[in-house]
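Pasting a structure here, questions to come.
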Amino acid sequence: MGLSTVVISVVHGVLWGIILGAASTGLTLLWGVMKVVNVAHGEILLIGSYLIVILYAFLGLSPYIGLLASLALGLITGLAIYWGMLHKLVGKVEKVTLKIEMSTLLIMFALSVALSNSYYHFIGSEPKGLGLWHFGLKSSIDIGSVVVRTNSILAAIVAVIIVAALHLLLTRTTLGKSIRAVMQDAQAASLVGINPVRIKMLTTMIAIGVTTLSGFLIVLHETAIIPGTALIYTPLAFVIVVLGGLGNVLGSFIGGIIIGLIYGLSKAIIALTFNPLASAPLALSTAFIVLILVLLFKPEGLFGR
Amino acid sequence: MSKATLLSVKSITKKFGGLVALNNVNITVYEGEILGLIGPNGAGKTTLFNVISGVYKPEGGRVFFDSVDITRKPPHQITRMGIARTHQIVKPFNEMTVLENTMIGALFGRLASRITMGEARKKALETLEFVGLIDNADAPASKLTLHEKKTLELARALAAEPKLLLLDEELAGLNPKEIEESLNLIKQAKDEKELTIIMVEHVMHAVMNIAERIVVLHHGEKIAEGTPMEIANTPRVIEAYLGEKELALKFVKKLKPQK
Amino acid sequence: MGSAKGTVKSYIGKPTPILILALTITVVFARIFNVATLDTLVIFTYFITIAASLNIIMGFAGYVSFGQCVFLGIGAYIYALSIYYVPWMNTLQKIGGEGIIIVGLFASSIAALVAAVVGAVVLRLRGAFFAIATIGLDFAAMYIVMGIVPFINPEQFYGAQVILPSHCLVDKSATFTAMLITMITVLVTNYLIKRSKFGMGLVSIREDEDAAEVMGVPTARYKTLAYTVSALFTALAGAIFYLNGGGVYSEAFDLAHTVDMIVMIVIGGLGTVLGPLIGGVIYYWLYDTLLIHYPGVNLIILGIIVALIILFAPEGVVGILRKYEVRGVRLREILE
């Protein structure tokens, strides 16, 4: 019985980890390329989640359309965030100092306050979800002795596609190469003819776009979301980004899987040795202890030089 | 000139990854002298300063100051023992005033354990008077010109009442008139405050003029040591650094009489 | 321009007009903004206290302790559990404001100890890394509390809450007295730090930590001390505030509390003595007015206002005012 508890917990943990990994890539881009500390990450994820839910529940539109709409809305939101908030702070700056970095943190927090209270006010604190929609398939799938919800598995598959697409964008296209050039050295990049302002704007759009897109994954995995859902995803995304190394998209993805694995494993162990009721919070606390340890001993991330 | 040893750097080796920045460097500094430290870019001069002031911990070797081993001490303790330094790239505390900047030097310098706020303030004002920044005492440090910022670096270091002063390219980026002023200030400080000075300098005529002895670093190794005249005549130095011998000698000859 | 010796007056050893000014402002604003009931007075003084607490590490030393609310939570939980389960502590806190402070100091000393131990390690990180690490600390502590407290306090198993029974509650005037004493103490502490060698060392760390260390500032020790003092007052405020509320639950670890603190300091002026006070007054007024006139959207508007302040007035009220002179006396000298 003990072993199967562990297996079930780990499988669920890893599936969640894959989703977390994909949902954290936008954060790593913003922080790595632009030194913007996006503490509104969770709330921005929920922009996508809520859009999909609203289109589905109120307008009867398929979540597939919602998926595209959330990407589009994310790109537009990214554009607005860049010109409305970030350009003045980091747009023309070649070397982002600690003070500027802190200003980005504060302004993104202001955004998170405004967004999360908008959710409470305009949408409400009741759980919202896609109800019985699960890609037109059975609601759950048996893998051996483990029963997994269809939506979690498909969300994980979509997560892998998102990460692969973003990785290809960054490594195979001129735009992606320019973004990585700016990340490494904005000054040198501008010397070879890259316009850093344009790249920063596009980076913000892509980062926010991929984040709202990942909102789809969250709503599928969580079944139902509330405004407070953001409060779990923001700090976990930071854990994952630090683990993967700033600006490292694949690193974040793997970091997400590691955190999911640690969560699943420690949850099972705590449930078996202490008390199942305490297992979820204590397992989450291990993720944050991992964060502090990585920051102290390997601040460049697990895959850094 | 007394010949008591103030600082001795013994077989210091410092590596950054695979790069050897300092390789078995030995230098002795005597009380009351000005030692010039020269060498091409990347020779390891600033690295050596960082080792002496405790910012870097070397892989091998020892640094003794006043016969005390300071190799593993943190920078703030070394400063309290009486070594002050300036930075090549000025690092003023921008939002503090010039006076406050200088007070930090006095408060945490060699007299740190017994100086009061009032005394530190008096010390800072005296130092600003001495270096000629007194009119800017109330200005935020960020408002100063480059020359003034360089002078502020010097004032902060002097306010610490050091025995040994490390000057890192104090003259870089200044125009000839400013160089002249700064050189006079350094000489005056040395005489009045009985300082020992090590100066890293690229402005060659200046260092040839002011230093009593010179050490040449090249690729992290000491390749020569001696009086300015001896250095200017050492073939290896001329090859590595000074360019043509004629030119180097001309510098020394031209500038000596100006003293 | 005249001699600097004349214009830079010696502010060391002078009486403390700033404090008198501070108290006057508090009282006057409390009346103007109709802070009437004891409950609102507690909230009002609590706001200023937590802002001034965070100012010590964030304003002076420049370390953005984003997870500062962890100390609110630790202080509040230890206090509530202490008076709930230790009868003599409950008796002690019942004697009034002083009693609350004494028991509160027990709770906040533990929080300060946590800060000293964690700080000695985490303060090696700079900038966003430090901020993120403190968020990690906050969440780690919150989830540990959520996992453990139900077993310490099994009577109220769900929600990791400690609801205080009536025999543990105290008079609101006592909690207000305790909070007021705490507020005045933390403001005085801010003032004394700003005027001291320690304070100058902290500001030099904020401006350029490497240069400060090379100039002789014992940066590691100073940062840890500032973090510890900051945690002590934050925890004390948390203990009193949640006692006033009648109990504590995991919401005490909500990052929104840090936002309150940061917003107040940013509005008032980072690293100034009067900044947290002025910021606290304005924030309370804003908070109250928006709540009354725009219920529901009040916090949305607040978020937008904060964003505008960061973009267009990053120095805060004190930062703007200090540039001006009144009759030759620089406001900078009075305000800081």
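Letters A, B and C mark the chains as written, and numbering starts fresh at 1 in each.
In the analysis below, a residue touches a chain if its C-beta (ideal position, glycine included) is under 8 Å from a C-beta of that chain, and two chains touch if they have at least 3 such contacts.
Just so we're clear, the structure is a prediction, and the values are computed from it rather than from any experiment.
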Where subunit A and subunit C overlap in contact partners, by chain label: none
Dominant interface by contact count, named by its two chains: A-C
Chain nearest the overall Cα centroid: C
Interchain centroid distance [CA atoms averaged], subunit A/subunit C, Å: 31
Mean-CA-position distance for subunit C and subunit B (Å): 43
Centroid spacing, where centroids are CA-atom means, of subunit A and subunit B in whole angstrom: 50
Subunit C residues touching subunit B - in the complex, by the definition given at the top: 1, 3-5, 7-8, 10, 12-13, 195-197, 200-201, 203-204, 206-208, 210-220, 330
Touching residues on subunit A, where the partner in the complex is subunit C: 31, 35, 37, 39, 85, 88-89, 98-99, 101-103, 105-107, 109-115, 117-118, 121, 231, 235, 238-239, 242, 270, 275, 277-282, 284-285, 288-289, 291-292, 295-296, 299
Complex contact set, residues of subunit C against subunit A: 62, 64, 66, 121-122, 124-129, 131-133, 135-137, 139-144, 146-148, 150-151, 160, 254-256, 259, 262, 266, 296-300, 302-304, 306-307, 310-311, 314
Residues of subunit B that touch subunit C when the two form their complex: 53, 55, 74-76, 79-80, 84-85, 87, 91-96, 99-100, 103-105, 107-109, 112, 117-118, 120-121, 125, 128, 134-138, 156, 160
